[in-house]
Amino acid sequence: MHIAEGFLPPAQAAAWTAAAAPFVVHGVHSLTRAVRADPEAKLLLGASGAFCFVLSALKIPSVTGSSSHPTGVGLGAVLFRPPVMAALGTVTLLFQALLLAHGGLTTLGANVFSMAVVGPWVGYAAYRSVRALASRLPEQTSLGAGVFAAAFAASLSTYTVTSLQLALAFPDAAGGVAGAFVKFATVFSITQIPLSVVEGLVTVVIVRLLSTV
Amino acid sequence: MTPATATGTAPVLAVRDLEFGYADAPPVFRGLELEVPTGGVLAVLGPNGGGKTTLLRLLAGSLAPKRGRVLVDGEPVRPGRRGAADLRRRVQLVFQDPDDQLFSASVRQDVSFGPVNQGLDRREAAERVDGALAALGLEGLADRPVHLLSYGQRKRVALAGALAMRPSVLVLDEPTAGLDPMGVEAMLETLDGLRAGGATLVVSTHDVDLAYRWAERVALIDHGLLAEGAARRVLADRDLLSAARLRPAWGPAVERTLRKAGLLAEGEEPPSTPEELAALLR
Amino acid sequence: MTPATATGTAPVLAVRDLEFGYADAPPVFRGLELEVPTGGVLAVLGPNGGGKTTLLRLLAGSLAPKRGRVLVDGEPVRPGRRGAADLRRRVQLVFQDPDDQLFSASVRQDVSFGPVNQGLDRREAAERVDGALAALGLEGLADRPVHLLSYGQRKRVALAGALAMRPSVLVLDEPTAGLDPMGVEAMLETLDGLRAGGATLVVSTHDVDLAYRWAERVALIDHGLLAEGAARRVLADRDLLSAARLRPAWGPAVERTLRKAGLLAEGEEPPSTPEELAALLR
Amino acid sequence: MLTIDAEAYRSPWRTVHPAVKGVLFGGLLVCALALPAWPGAALAGAVALAFGLGPARVPPRKLLRTGLGPLAFIATGAAALLVSVGGPDGPIAWDPQGAARAAELTGRASAAVVCQLLFAFTTPLADLLPRLSRAGLPPALVEVVALIYRMLFVALDTARRVGAAQAGRLGYANRRNRVRSLGALGAALFVRSYDRAARLQRGLECRGYTGALTVLVDDIPLRASALAAAAVPAVLVAAAALTLGAWT
């Protein structure tokens, strides 16, 4: 769920950019450090970024037809760790805005905050906690549960943050920010919740296959 | 071209008045008519970018025509998803690059992808898989990981995956591309085995020599159908070949040489490979 | 094989007593000796998996030999990184798949990588880029994005990137693979232009017909060097070809036919393509 | 292929310096966001469209088709403003000011989307990305971004072909198959992306790669006068909108 160009008031767009900036700067820092240590890292990061973009462009089947969806946020967090995802996710979102018209340039900060910062961190936290809780279960089951939790939680938290961002920008006349949050969360839940489940399942298939190669 | 020749059986696959084009580009085909006779090999020849792969994908339901119809066993394919799924079940396309088709961990798992998607039960799917592996001499590789196989072996596995669907027609995009001479021979032998079993094969290639010696019929494609007919006749026509931006084959020129020199008796088959020519001279 | 023939100039590239193998596998080469004479085309032929690409990578410094040496202009390449970098500068390898070498979205930027990386100044680098693009007839595509080019065009751009390095030797892995007949002709014409300009080309292929008509010398490779010599001589030897798991070419068999039939005068060049044979018959 | 990307390379404005296009469409974008929506955003959108469809010759149908996605988001989001929740008139009620707010938001955001799209439709990323290092971004980052841009087309191509092959074997015939096929596609894509990286590493080493991917970037002359001229439409829109606004 990408916030379109011009949808946020300028002050809020700037505020979200400022909020996302430290995470992105930190991500870029760890990225440039990796590249300096090993020239091969540059090509691996290029391939990873391309992978993230294409994954996000895959059409996930859902009840309401295919929909643009931040696919791969949870998977990326598990595969590349949240700091690197902050950088790769930002590049992906920039390319989505310029090449696919998904999301905007002034709203890039807000979208980065939800999809490249909060989503990966929540997904990664979910993955670690489920793995810790399920450590006694067989490896395949524990991995599957952890990955599903990562993808589902990343997807759902992204959607929650986006709804919150919209609520802060357009508080309800009567219900205020809380009322507006309920409105936006409801409007977008029709597509986003089933998508999160399907994305969780697809991600489990991906990781299962990758762990057998 | 008549819808179905009165003399023979109906063609297993046919396209009528087909139109197709990619976005932002002039149509590749307009009013295309083509029939694939039941049994034997139809080779589709033409330059890169001339529409060979596009035609193959249209025949196999992997692309939807803008206008016109595809007919299987004389019956038009219904438009929409159901029709496309039906067409795909009956016409299987094997891609040029096997890596486009192989995405499972093991050979057996990969070959079972189609049968499982068809909703067959375990036993029946396993039977199909074993049959396809046996037909391609892949039994020994069934449990090997796909990425450890050679290019030629991967090409075979991709073919097995299509065969396991038990299609009426097998459509192969450049089945010999990237193979070395022995690999080409082995692939042709395999396909000959399928042909002998009654299969209908549609094969794209730009190897004119190969089509001349191996296909019964050829279709020359370059943004439309330039010619269609018996391989030996069409591929001996140098004007047609040059119109299709292809180069002449050795076969026809060698045959003329031999006839001129009186080295080939009336009614004797001309040699179709350098080996046969050498044997003739001995 | 003698280190450097007393009569000619020193070979531009040579390997001496070379050993190489991949981990966990028997060695591909052991005690390999090979010389690449200055100027002209040396075709490397052999089956897939026989070591063609490995040899090419060893020649170009993309793999390090376990034992033995590579010599450029008679001088051994020093071991270690510096030596390898030096070898890579003088011997440029063009991979079969252009996407293995093209990293930039813009044709001109991609071709400029080598010269800029060598530390040339802007003006000189731009000159090199323009020269390489012109030599390959790519001037019109300089500002097109790489991802919108055809496979054949991308192959040319990869070649231009190597050419812009002004190497002593160009090593090309299957430069005609995946191209259609006209694409093959165009590529050969381009390479002929480089050959006429004095370039030394090492080209791998499994197209025996192509090597027969186009290369001066050939090396047959199948886990070691089976034979090396003048193309017309080596490729007419059917036992050698069969030892290298290759199939005979049309050329030698056709030549024998013509001589037997008295259709070729003493000292007259035999036809090397079907077109030439047809012209001869007219 | 990606429509916007392919059109950008074909654009007659490709030879214009990216900064000039950035000032033109960016200026109008700022107008759309900062001025009163009526008539500011409407004017900004109309002027941007006039430039885009006029001299920049952006094909209107492709512009519309790519704009449908963000417009759908805008419509859905704005629709939420029509109602109010938890007020005195019950849990859900029409918001009397809702229609005006929704209309304002729709107009503003649509105009902004048009400005963004027109910049993207006239500015190929191959021309834009190498210039980012001059804008102060670390060169290593710019090189990685440029690599991602090149490699994503190779990966997209792979994804399309693998997807078509799966569809041919009924991989997308029902929902269950679809989940399995998409998972297999994602895994194949990941493995192939890493293989691609290793092969490109090998290929670039042969071209002398030791860590830096520096290339020659063509100089497109950037004249101050052109930059100033590109700012004029936005200034005029702002002036017009403020004067009109003062009258009404």
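Couple of notes before you dig in:
Letters A, B, C and D mark the chains in the order given here, with residues in each chain numbered from 1 onward.
In the analysis below, a residue touches a chain if its C-beta (ideal position, glycine included) is under 8 Å from a C-beta of that chain, and two chains touch if they have at least 3 such contacts.
Everything quoted here is computed from the prediction, not taken from an experiment.
Separation of chain B from chain D in touch steps, taking the shortest path, is 1. Counting C-beta pairs in contact, the pair that comes out ahead of the other among A-D and C-D is A-D. Distance between chain A and chain C, defined via averaged C-alpha coordinates, is recorded as 47 Å.
Chain geometry summary: the mean Cα position of chain B and that of chain C are 32 Å apart. Rounded to whole angstrom units, the spacing between the C-alpha centres of chain A and chain D is 19.
Work out the mean CA point of chain C and of chain D, and you get 44 Å between them. In chain A, the residues that reach two or more other chains under the touch definition are 46, 209, 213. Counting partner chains per residue, chain B has residues 103-104, 147 touching two or more of them.
Shown for chain D are the residues in touch with two or more other chains, namely 5-6, 125, 147, 149-150, 154, 184-185, 187, 191, 196, 200, 204, 209-210, 213. Taken in their complex, chain A has these residues touching chain D: 1-7, 9-10, 28, 31-32, 35-36, 39-40, 42-51, 53-55, 57-58, 60-61, 68, 72, 75, 79, 87, 91, 95, 97-106, 166, 170, 172-175, 178-180, 182-184, 187-188, 198, 201-210, 213.
On chain C, the positions that touch chain B within their shared complex are 46-49, 150-152, 177-183, 185, 206, 208, 238, 245-250, 252-254, 256-258, 260-263, 273-275, 277-278, 281.
Contacts from chain C toward chain D in the complex involve residues 60-62, 85, 88-89, 92-93, 95, 97, 99-106, 108-110, 112-118, 122, 125-126, 129, 144-148, 161-162, 165.
Interface residues of chain D facing chain A in the complex, by the touch rule stated above, are 2, 4-5, 29, 32-34, 66-67, 69-71, 73-74, 76-77, 79-81, 83-88, 93, 95, 97-98, 101, 105, 108-113, 115-117, 120, 125, 138, 140-141, 143-145, 147-152, 154-156, 159, 175, 178-180, 182-187, 189-191, 193-194, 196-198, 200-201, 204, 209-211, 213. Contact residues of chain D toward chain C in the complex are 1, 5-6, 9, 124-127, 129-130, 146-147, 149-150, 153-154, 196, 199-200, 202-210, 212-218.
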